[in-house]
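One chain, subunit A, appears in both complexes that follow, with subunit B as partner in the first and subunit C in the second.
Right, the complex of A and B next:
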C-alpha cells in the first residue's frame, strides 16, 4: 500500500508541474473564435455613369474590429490597392479613396475594395459605411450606391 | 519494507539519472551544435580537396616560401595524398579527420643551453576531440586554424577579458593566438603563423607536415623577427562572394529570392521603391524573417503585400498591436506580413505562411533627402547590415550569428550571416533616374559597376550592372551638377494638412577667405576585429595624410580603441615634424582585433583637459558596427564640451545612422570612405572643411513667411562646402527674403536668400513625410539627450506623428493580412545574408 502511495506521489511530482504548465500556456493564446479574421467587400453601383473616383468611410457601429489590410477592386481601373487616410485610422475609422484617369472605367455595380479585418469578441460587428463622393471622368460627382458584403475565410 | 525501499531507491536513482542526462544535454546544446556545424563543413572539405588541387593559383598571389617559411616539401604529393580516401572510405563520404600540429612553450634546458620548443602532435577524429586537445594545451590560446577554406578562427583572441564569453559568443570561448597572421589558402589549406620557439625545430616539423594524410590544422612557425605576411585580399573577402566564386560555393536555399530597387531623384529628394520577392523553396510552408537596411533618413510610408495578382496595402499601427495581430494571424494560418524598425537604418520584414513553391512580394516605398558635400550629391542605398558588436550584458543590441544559429547572440535583433563558402540565390537589381533640374556634369559610383544612359543634359538613368548583383555592400552614387547649387534649393508641398518645405542652406562664400584658428586634433581609430584588413588600412591612410596636413600651431593626439583604449601620448603634442613621424609609426603598428567598446574611445578622446587656445576637433574613424548606439550618443552628448566631432565612416556598409548622429551631436560633419574610394580625396575635403571657420550661432529671419516647426531646431554651424537642409511647415504664399546671420570669429556675417513660397516654387509630394520623419528624428534626439526625463512623453509623441503621417518608426509598424483564406502547418526560416564586403566573417560573427 505504502509503495503504491509513494509511487503515486513520485508520479504526481513529475506529472503535476507539466500539467500545471499547460493551462498557463493556452491562457496566453486567444481562444479560437474570439479573435478571427475576415474580409468585407465594398461595392459601388454607379448606375450608367463611368466611375472615375470615389471616397468612402467605414467604421464599426458595434463590435470590435481592427483593419489589417486594404485591397483593390475587381475592375482593372481600381485593381491597385487604394490609399487610406492614416489620420482617420487614429479614430477607429478608415477613409479610403482612389481615382483613375483612364478611359476604361467601370459602370454599374463593381467591387471597389476589400477591407481585411481582425474581429475581436463573439459579437457580430455592425458596420457604418458612408460614400463621401463618387465622380465621373469630368470630376462631376453623382449619387452612387455603396454596399458592404461580409466575406468569409476559406 | 525492504522491497519497498529498494524499489524506491531504484525509482529515485532512475529519476536522478534522467534529470542529470537532461541537464547535461541542455548545458551542452550549444557546444554540440557548434560541433555539428564544423563537422558538416569539414565533410564538404573532403569533397572539395580533389577539385581545388595544387595547381590552383593562390588567392593572395604568394606562396608559403615567399614569406620565409616552408610548406610541405612536396605540396603536390601532399595534395595527392590528401585526395586519396582512407581505406574503406570514399573520397566524398569519408568521416572528418583532423590533425593538429603545434609547438609547446619553449622549455628551459637543465644544461643551460637555449630552450627549444617541443613539437607536439595530436591526431584527432572530430572537432570535439580537437577542442578537447586545445583545452589541454592552453598555450595555444584557442583554435588557431582549420583546414580547408574555413579560414581559421583566430582574431579576437588575446585581448578578450574574462567574462566576455557570453557577450562575444565564440570569440570569447575560442579566442585565437594574439598576434598571429593568416595567409590565403592553397587548395584548401590555411597556414597559421605564430612566433616560433626556434627555427630548427620549425623546419623539422614543417617537413613532417608533408606526410600527413588527413585534413589538418597547421600551426606553422614563423622565423623570429619576420613580419607576419599581410592578409591577402582573398582572405579579406571571405564571405563576401568574391572569394566564394573560386571554391564552388554551396548554394543555400533561402526564401528571399530577389530585391528590386527603383529610385527617382528630383532635385535633392529621392523617392525609392523596394520590392522584396519571397519564395518558398521548401516542401512545407514557412515564415520568412529578413533583417535589412534602409537609409537612416528614409521616411517609409508605403507597404504593399502582393500575392499573385492581388495587392494588399499594409496598415500602419502601433508596433505592439501590429505584432500581436501578426502573431495571431500567423497562428491561425493566414498569409501575413509585418515590417518593424529596429534602428532608423535597420528593419525586419516577416512574412508568415508562405506555402511551398509560392511567391509573395513586399513593396516598400520611402522618401529621403540626399546628402551633399563639396559640390557632390550622394544617393545611397544600403545593401548589408554590418555585424555589430554588443557590450556584455546588453540584450537590445543587434546580434550577428551564423546561419542557423538563431538566438545565439541573445540580442533583441539578430542578423544571420552566410558562412564564407555559402551563397544564397538572393540577388539585387537597382536603377535610379536622376532629374537634377540643371545639367549633370559628372557621375561616379566607386562601390559598384553601373550602366548609364542620358535622357537630356539634366536627366540620367543609372542602373546596377547585372555582373555586380550581390547585395553585400552599400550602393553609393555621386553626381555633380552645373554651378554651385541645383535649380532651386527650396521645395514646397501643400495639402489639407498645410504647407511643408525644405530649404538647402548654403554656407557663405566669404568663409573660404578666412583662415582657421589653431586646432587640437584628436584622431580616434576603431581597431576592433570588424575593421581588420582593408577598413583599418583605409583608416591608417586617412589619419597619416591628415597628420601630415597639420600646421605648426596645431596639437594632436591619436587614440585607438577595441575592447579598451590607449593613446599615442599622455596628452596632445605639438604637430612638429618629429612628432608627426612618431605618430605615423604608431598608427602603422595598429591592427584590428577584439570587440568594439566605443565608449572607451569616447572617454579617451573627450575626457582630457581642453586647451582653450585651440579648437578641439575629434575625428572618429570607424565602421560603427555596434549595437548600443543610444548609449554611445548619450555619452557623446554628456562629454562633448567645446569639442566638434568630424566622423569618417570607413568600410563598404558602415552604420550611417550612428556616424551621422555623432556628427550632428558633435556639431561637426561626416564623410564616408568606401573600400574603393580614394581616402586622399576624403581627407583633403575634410581639411578644406576645417581649414576655414564655420558660421556659428546661426539665426534665421524668415521675413514675411509664417514658418513653424523647422528642423533641425537649432541650426547647426555652417562649414565650407557643407550646406544643411532645413525642413519645416509654412502658411500662406508670398515672395520674401530670408536673412541668415551668424558669428565668424569676432565679427557678424549675414547672407540673404530670396525665396518664393508661392505657386511657382518646385513641389514634391513626399515633403509631408520628409518633414514628419525629421520631427521623429528630432524627438528621438531629445530622448538621447534626456533619457531620464519622464515628463516628456517623447515616445508617445513619436508614435502620434508616425501614425498620423503613416510612417515607420521605432513605435509603429506596417501590417498586412490576407483574411480571405488560411493555410495549414508552419515553420520558420530566417534569411541569412552575406557579411559586408571587406568584413571578415570569422572575427565578427558568432557561430
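Right, the complex of A and C next:
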C-alpha cells in the first residue's frame, strides 16, 4: 500500500510539472485555418554610401507568423546567412545583422536578407520593420532606408 | 481411536499382556513434540521468513526516497531561472559584464562586432577584455560572440 502511494506521488511529481509546461492554446491561436509559407525580402537603400554593416528588427504587428528560415542577401558581401538568434525561429520576432570588412560592398538599394515565414490563418500579417543601424566601411553609421517586400506565398 | 486400536482392544481378553504391550509399542504413534522444541522451530521459521520481507520493505522505501529526491533535483534544475540547462544560450559572464560593448557606446550592436573584426584584421590594438570566450586569444570566435550578443532577442529584458 505504502509503495503504491509513493509510486503515485512520484508519478504525479513528474507528470504535473511537465503538464504545466505545455503551453495552453491561446485565444489568439487558431484551432484550424490556412497555413502557408511566404518569404519576405528585406532591402536596404544606402544611397551613395557603401554598406558595410547593418542590423534590423522585424516583427509581426498583426496576424500570426512563425519565422522558419533566414537567407543572406543578393550582393556577394552579404550572401552568407546573417547573424540572428536561433531562438527567433518559430517566433514572430527576429533581429538580423551582418557586416563585411572587405572592399567590395553594395551601394544604393540592395537585398540584404530574405526571411521565410509560416503564416497561420487567413489574415494578412502586418509587419514592423526597424533599421537599428547601417554603417559604412569606417564603422560610421548613416540613416539608410529599409524596405520590406513580400514574396509569393505557397 | 483408530481401527487398529479397536482391534487390539477387542483382543484384550484373548491376547497375552506382553504381546499386547509389544504391539502397542510397535504401532502406537510417536509422542507429541515438546512445546519448547515446537517454539524454537517456529521462531527460527519466523526469523527466516521475516528477513526477505524486511529487505523488500527497506528497498521500497529507499526507491521511493531516491525517486522523490530525483524529482526535486530535476525540478530545481529545470525551473531555476539561473539554470543553464533550461536555457543553454544563457548569457555568458563576459557578455553580462558588458564586455561585448567594444565601442563603449553603452549598447551592443553589430558595430561592436564589426569594430572588433576590423581590429583583428588590421592587427590593431585589442583589449584583453575582448577575449569573450576566455580561450586566451582574440579571434573570429570572439567576433561571433559579440555579433550573437547583438542579435539576442532577450537582451536588455
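Just so it is clear, the second predicted complex is superposed on the first by the 112 of 154 C-alpha atoms of A that agree within 3 Å, B and C clash if a C-alpha of one lies under 4 Å from a C-alpha of the other, contacts with A are read in each partner's own complex, and residues count from 1 in each chain.
One rule holds in what follows: a contact is a pair of C-beta atoms (placed from the backbone, for glycine too) under 8 Å apart; a residue touches a chain by one contact, two chains touch by 3 or more.
Please read these numbers as outputs of a predicted model, since none were measured by experiment.
**Q** Answer with first, second, both or neither: which of subunit B and subunit C does A:87 touch in the superposed model?
**A** In the superposed model, A:87 contacts both subunit B and subunit C.
**Q** With both complexes superposed on chain A, which partner does A:51 reach: first (subunit B), second (subunit C), both or neither?
**A** neither
**Q** Looking at A:132 after the superposition, I want to know if it touches subunit B, subunit C, both of them or none. Which is it: first, second, both, neither?
**A** In the superposition, A:132 contacts subunit C only.
**Q** Now for A:39: first (subunit B), second (subunit C), both, or neither, which partner does it touch?
**A** A:39 sits against subunit B, while subunit C stays out of touch.
**Q** By the touch definition at the top of the document, which applies to A:65: first (subunit B), second (subunit C), both, or neither?
**A** neither
**Q** Answer with first, second, both or neither: which of subunit B and subunit C does A:117 touch in the superposed model?
**A** first
**Q** Answer with first, second, both or neither: which of subunit B and subunit C does A:79 touch in the superposed model?
**A** In the superposed model, A:79 contacts subunit B only, not subunit C.
**Q** Would you tell me the residues on subunit A in contact with subunit B in one complex that are also in contact with subunit C in the other?
**A** In the superposed arrangement, which is not itself an observed complex, subunit A uses residues 2-3, 6-7, 10, 14, 83-84, 86-87 for both subunit B and subunit C.
**Q** Applying the document's contact rule, which stretches of subunit B touch subunit A when the two form their complex?
**A** Going by the criterion above, the answer is residues 3-4, 7-8, 11-12, 15, 304-305, 309-317, 321, 325, 328-329, 331-332, 334, 336, 803-806, 815-822.
**Q** Quick check on the complex: what are the subunit C residues that touch subunit A?
**A** 60-61, 63-64, 67-68, 71, 75, 78-79, 89, 103, 109-111, 113-115, 117-118, 121, 144, 147-148, 150-154
**Q** Residue numbers of subunit A touching subunit C in their complex, please.
**A** Where subunit A meets subunit C, its residues are 2-3, 6-7, 9-10, 13-14, 17, 52-55, 83-88, 91, 93-99, 101, 132-133, 135, 139, 141.
**Q** List the residues on subunit A that touch subunit B in their complex, please.
**A** Touching subunit B from subunit A are residues 2-3, 6-7, 10, 14, 29-30, 32, 35-39, 66-72, 79-84, 86-87, 89-90, 114, 116-118, 151, 153-154.
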